[in-house]
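As written, the chains take the letters A, B, C and D, and residue 1 is the first residue of each chain.
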Amino acid sequence: MKTKKVAIVGASGYSGEELVKLLLHHPHAELVAVTSRQNAGQTLAQVFPKFASHPKSQSLRFVDPNAELLAKQADVVFLALPHGVAAEFALPLIAAGCVVIDLSADFRLKSAAVYKDFYAHDHPAPQLLPKAVYGLPEVYREEIKKSLLIASPGCYPTSILLPTIPLLKAGLVKATGIIADSLSGVSGAGRKAETDYLFCECNESVRPYGVPKHRHLSEIEEQLSFAAGVPVVIQFTPHLIPVNRGILTTLYLAPQTHFSTTAEMAAFGGKLAAAYAAAYAHEPFVRLLEGKALPDTKNVVGTNVCEIAWRLDARTGRLIVMSAEDNLVKGASGQAVQSLNLLSGWPETAGLI
Amino acid sequence: MKTKKVAIVGASGYSGEELVKLLLHHPHAELVAVTSRQNAGQTLAQVFPKFASHPKSQSLRFVDPNAELLAKQADVVFLALPHGVAAEFALPLIAAGCVVIDLSADFRLKSAAVYKDFYAHDHPAPQLLPKAVYGLPEVYREEIKKSLLIASPGCYPTSILLPTIPLLKAGLVKATGIIADSLSGVSGAGRKAETDYLFCECNESVRPYGVPKHRHLSEIEEQLSFAAGVPVVIQFTPHLIPVNRGILTTLYLAPQTHFSTTAEMAAFGGKLAAAYAAAYAHEPFVRLLEGKALPDTKNVVGTNVCEIAWRLDARTGRLIVMSAEDNLVKGASGQAVQSLNLLSGWPETAGLI
Amino acid sequence: MKTKKVAIVGASGYSGEELVKLLLHHPHAELVAVTSRQNAGQTLAQVFPKFASHPKSQSLRFVDPNAELLAKQADVVFLALPHGVAAEFALPLIAAGCVVIDLSADFRLKSAAVYKDFYAHDHPAPQLLPKAVYGLPEVYREEIKKSLLIASPGCYPTSILLPTIPLLKAGLVKATGIIADSLSGVSGAGRKAETDYLFCECNESVRPYGVPKHRHLSEIEEQLSFAAGVPVVIQFTPHLIPVNRGILTTLYLAPQTHFSTTAEMAAFGGKLAAAYAAAYAHEPFVRLLEGKALPDTKNVVGTNVCEIAWRLDARTGRLIVMSAEDNLVKGASGQAVQSLNLLSGWPETAGLI
Amino acid sequence: MKTKKVAIVGASGYSGEELVKLLLHHPHAELVAVTSRQNAGQTLAQVFPKFASHPKSQSLRFVDPNAELLAKQADVVFLALPHGVAAEFALPLIAAGCVVIDLSADFRLKSAAVYKDFYAHDHPAPQLLPKAVYGLPEVYREEIKKSLLIASPGCYPTSILLPTIPLLKAGLVKATGIIADSLSGVSGAGRKAETDYLFCECNESVRPYGVPKHRHLSEIEEQLSFAAGVPVVIQFTPHLIPVNRGILTTLYLAPQTHFSTTAEMAAFGGKLAAAYAAAYAHEPFVRLLEGKALPDTKNVVGTNVCEIAWRLDARTGRLIVMSAEDNLVKGASGQAVQSLNLLSGWPETAGLI
C-alpha cells in the first residue's frame, strides 16, 4: 500500500502526543515532522521519554512551525493547535496542495457567524469553510474520502453525536428538549500550566464548568440540526472528573412514540435497536452494548472505540442513552487518523487496532 | 448543657466510621457503645487507627449488637445498617424508650407498598412508619425536634431534595420532567469486599449504574411530591466516579415561567434567588453560591455543607441547578448528628463546625 | 485564657490555607489578617469557598503584605512564604516586637554558610539565626516556649527527625549510613502553576526527584548531628506520588548492637521500644504503632499526628523505621500552631484535636 | 513465520487479562484457549468488554481448566495461577509435551528448601525445578530459547534484578548491604475482593507492607547470588501506592571503589555507564536514561520497557539506582511473551512494540 508522509503541527500537547504515538506505529504513514515552539531542537525521545524505544524517536526533532517547509515535506498535515491559530496554518498548507486534518474547532462549523458568536472573534479563513468536511467517519465517510480539509470533531461532540444522530435521522426521538450531561477527564483541558488543573485541585474533586453555554455546543447543534432536518438547540453540561482520560456522556431524549404498556415499550425498543444496528453494527469503532452492560470509560481508554448503551424508562417515558470514549483517541487523535486512513485509501482501522 | 449517651449499631462501615468521628468530638454527646459483629472485642483504636489519639479509642470496644443491652446504655441509638436489618433493631429499641436515628432506608417512606416495590421485600416494621420523621432538618426541623424515630435521608436524596424543594414549594418550576444526574464517590458503595469497588476497577473509570430505577428514587419522589402537592416522577441517573467522597448533582428543571427577553429572564432569576434566600439564607449547612462560582465537591468534603448554584439558560429556557455535598457527612452521618442536635435541644451546629 | 491576635503572610498557598483553617477554628487565637498579593481585596470566602461557612470568612479580606501594618495588628505572625522572602519579612516584624513563626527554611539552620551551600544565595538576615529556635516541639519544647522566632520544620525533616532522634540520642543506632526514602503527596510542591504538577502529569505516575542532594538535607543533617553529637550525613531520596497529602518515610538504620540470636534481637528490640516510649509515650502528636500495624498516610491525613513503627530484620541485622504524617499539618501548619500554643501558654493540643 | 497455538490458564486476573491482550494482538501466536473457573462459558467479550472489538472475543469462550485438553489444543501454555496451584498444572502439561510459561513463583527457585521456607508449604513438583529456566531474557536469553519450562520472574524482582545484576557481575558494587525500596501499583495485589484493596482504602493512602520478609526476596537473592558469585542477602521494603500500574524501585548500593575527589567519582561513573551500556545498550526493553532524566512509571506503563537511571552521591559515597516498569507487562505478562518469542524463534519484540 502506498505510504504517505505526515506532519503534526503542535505536537507537544496531549492530542499532539497521542497523534505522535498513533502515527509512529502506523503501518502506512511516515511521520516526517513534528513542530512545537517550546520544544524546537529536541528529539521526540527527549520530550516524550515514553516513545524513546521507537527508533525514530532519536532522530526526529521538534522544529518551529513553518507552513512552507511543512508543505514540502508532508502529504498530510495534522493541526493540533488552538482555534484561531489553526486556520492561519491551514491557509498556506491548503494553498500548497497539502491535505489538512485540523483537530481544532476552526473548520467544524459551516457558518462564520455562528463561529464568531461562540468563539468571540472573526473567523480567520471563512473562504475555507465550504471546503471543510466534518471528520466524523460514521456520518461523513464518503465526503472524508474526497476531502482536502478535514475538521476533526471535538471530544464532547463525538460522544454526543454518535449516540444521537441515528435516532434523529430515523425520527425516533424528538429534536427538542435534548439534554447531554458529560463527564470529562482532565486531559481534555490540555497541557496548560494553570492552577485549576493542578493535581491537588482536580484530585478528590468533581465540578461542572462552562454552564450553560460551552463552545462545543455550536458544532453539536449544527450537526444535530443536519440530522434532524430542523434547527436543534440542546442543553449541555460538562463536568471535570479526576481521571486522565475518558468522556462519559448521559443523554436524556424524548421518544417520538409514547408507550404506556410493556408491549409498546418493547416495540419501541425494537425500533431503537434496529436503528442503532443499521447505523453501527458494522462500524469498527462503535460498540453497541448488550444485556446489562453499561458504558465504562475504562473499557475504551486507549482505544478508538465509542461504547453506547440505552435504556427506556417506563416510569418517565424517556430514553436514556449513555456513551463512553477516550477523549484523546476517538474524541481527537484516533478519529483524525481514522480520517487519514479513509482519505488515503487505507483500511479504516489501520494503526488503530 | 445536658449530655446524652449515644450508641452506634454497625459502626464499621464508612457511615459508621464517620459517625464515630463526629460523636467522639461532639461537645454534648457521649459515645458509650459501638457494635460490629466482625470487630467485636477490638478497641476503636485497633479498628480505626486514625482515631487512636482520642483517649476513648483505647477503652471503647466493639461489641456484638444487642438491642436490649443498648437500650440500657444509650439514650439515642444510631443505626448504620443495611435496609431490612435496621428495622429489626429499631423495634425493640423504640419499645425500650430509646430514640432511634436510622441511616438506612427503612423508615424513609410513608408507604410500605412503595417500600416493597423498591426494596423487593415486605417492610419489617410497617407499624413504625407513621412515627418516623424524614430527617432533613432544613425541611422537617420542628418535627425532628419532637420525634423518637428519625429516618435520616440518603446521600443522593439530600443532594436532590435540598436544591429542588424550595422551588417546587414556591411554584417556580414544574413538577414534571425533572432530571437529576448525580456523580458519587466510591464510599457511597460502602465498605464491601466486592470486585466492582476494587481500586483498579474504579480508578481511571467513570460509569453510570442502576439505570433507570435506583432505589433512592422512592424517597426522592415521595418528598418531592409532598413539596409539589402533586405526585412527582423524576429521572435519576447515578454515576460512580473515582473519588473517595462527594456527590455532585446536576438538575434539569423547567421554569413555570417562559422567558423570551433578557429582562424576563432576569426577573425570573430574581424570584429564584429570593426563593433560595428565603429557604436557606440562614441555614448553617446550605451554601448558596454567588457570582461565577459553581459547586465543587472538594469545597464540601469533610463538612456538613451542601453547596448550591443555579443558571438559567436563555437558549433552552431551562433552569440548571447544581449541588455538591459530602456523601458521608451531609449525605449521611453529619445530617444524622444534625438531627441529634435538634432533638436534644443542643445548638444545631454542635460538633459539626 | 488570654487570646492572641495572629496574622498569616502568604495565606494563599497550601500551607497558608491549612493555617487559615486551623486558626479560624482555634479556641484562643484570633485571625486578624491574611495577606496575598494576588488575592488582595477578596474575602476569605471568595478565595477559599470551603471556609465560607465560617462567619469571619465574609469579613476578613486578603491584603497586600505590609510588615509595619501587620506588626500593629498582630501579636504573632506566621510566614508561609518562599525561602529568602520570608527572612525579609521577619526582620521588621521581629524589630517591632512581633513573635514570628516562619514556615520557610530561612531560619532552620544555625549556619549561614550551610544555608548558602544549599539555597544558593546569601542568607538575608544572618543576625537572626542565633535567635531562632527549630520548631519541633517534641525536641525543643522548652526553647519554643521562650522564643520570639520559630523556624518551623519542613515536612520531610519532621518525618525523618521524629523517628530518628530518640535512637541517636540513646545511642542505639549508628550515626553513619542512615538512609531515608520518602514519598510525598503533590501538595508538597505548593500551589504552583507548573506543568510538572498538572493532574495528568502526576496521576498514574510515581517518580523520584531531587536526587541526591535535596535542600531539606541541610536541616535534617544539622538536627541529626545535634542528636548524635557527631556530624551526620544521610542519604535522602524524595519521591512524588499521586495523593494530595501525606508523607511516608522509610528509614534504614544500623543498630549499634549486633544480634545473632532471636534472644539478642528481642533484647535489642526491648531497648528500642523503651527509647521510643521514653520519648513519645506521652506526646499527643506521636503515635507509636503496636502489633502488626504499619504506618498508612490515610490514618494521619487531616491530623497533627506522626505515626511510627519499626521492625528489626534478623536476616540483615538492620532496623527499619517507618513514619507517616500529613505534610501540611504535622509537616507544616499544624506543627506551627503547636508552637503557637506552646509560646502562648495554651494547652499544646488547642485547636489541633 | 510459523505460528504457535497458545493457551492461558487463569485468564481472569490482571496478569491473565494482560496476557489475553498481548496474545490477541500477537502476529505469530494464536490464542486458542482461556480458562477461568468463575467465568467458564462466557466469551472474552463478555468478561472483558474492552476486548470486544477483537473478532476472536466473540467466539473464544472461557472454559474450566483441564490440563489434558489444553495439552491437545496448545503448543505453549501460560499459567497465571497462584503459587502451589501452578505447579500442579505444569506437571501434566510438561508430561504431554507442552511448553509451559509459568507466571507464578513455583519454578523460580532452584532450591525446594528455600521455596518451603518462603512459601510455607512443600514444593508440589520439585523434580521440575532443575528443568526450569528463570525467564529474565536480558540474563538468560540463550537458556530460554531451549527451555520447555519458563519461570517468568515477578514484578518486584524484575525491577531490582535488571538494575543490579550488571553491576554485581562487573564487580562494581558490593554484594553486601543492598537495599531495595519499591513502590507498587495496586494491580500487583491481583483482582481479589479484599477490603484492603478497595478504592477508598487505597486512594489517598500510601503504606509499606510485608516488612521485613517478603516472599519475592527468595528469588531476588538467589539471582543476585548467581550474579555476585557469593550469597547475597538484601533489604527489601515494598509499598502500596494509589496507581493502577507501575513499580518504581530505588536501590541503595555501595560502590566497590571509594571516591574522594570529583575526578575519582567521574571515573567510577564512567565504569558504571560502561557496565550498563555493555549490558543493555542493545536491549530492546531496557532504557538507560540520560542527562537529568529520572524514571517515571507513566513513561513505561503499557510498555514492556524497564527504565533505569543512576546517581553517585559525593556526600555519602553511595550509588543510587532507580528503575521503573509496568508491573503487569515487563513485570509479568510482557516478559512472559518475550520468552515466548525467544523460544519460538520469533523476533524478540514481536507483539510487544
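In this section, a contact is a pair of C-beta atoms (placed from the backbone, for glycine too) under 8 Å apart; a residue touches a chain by one contact, two chains touch by 3 or more.
All values derive from a computational prediction rather than experimental measurement.
*Asks:* Identify the chain pair with more contacting C-beta pairs: B-C or B-D.
*Replies:* B-D
*Asks:* Fit chain A to chain B on CA atoms, both being copies of the same sequence, and give the resulting rotation angle in degrees, nearest 5.
*Replies:* Angle of rotation between the two copies: 180 degrees.
*Asks:* Can you work out the whole-Å distance between the CA centroids of chain A and chain B?
*Replies:* Spacing between the chain centres: roughly 38 Å.
*Asks:* Distance between chain B and chain D based on Cα centroids, please, to the nearest Å.
*Replies:* Chain centres of chain B and chain D, defined by C-alpha means, are spaced 47 Å apart.
*Asks:* Centroid of chain B to centroid of chain C, CA atoms only: how many Å?
*Replies:* The mean C-alpha positions of chain B and chain C differ by 37 Å.
*Asks:* Among the residues of chain C, which ones contact at least 2 other chains?
*Replies:* Expected reply: 201, 203-204, 242-244, 296, 298.
*Asks:* Under the stated contact criterion, what part of chain A meets chain D in this complex?
*Replies:* Within the complex, chain A contacts chain D at residues 25, 49-50, 52-54, 204, 284-285, 287, 289, 293, 296, 298-300, 302-303, 305, 307, 353.
*Asks:* What residues on chain B touch chain A, complex-wise?
*Replies:* Per the touch definition, chain B meets chain A at residues 179, 181, 183, 201, 203-209, 211-213, 233-235, 237, 239, 241-246, 248, 250, 252, 294-298, 301, 311-313, 315-316, 318, 320, 322, 324.
*Asks:* Where on chain D is chain B touching in the complex?
*Replies:* Per the stated touch rule, the residues are 14, 185-187, 191-195, 197-204, 242-244.
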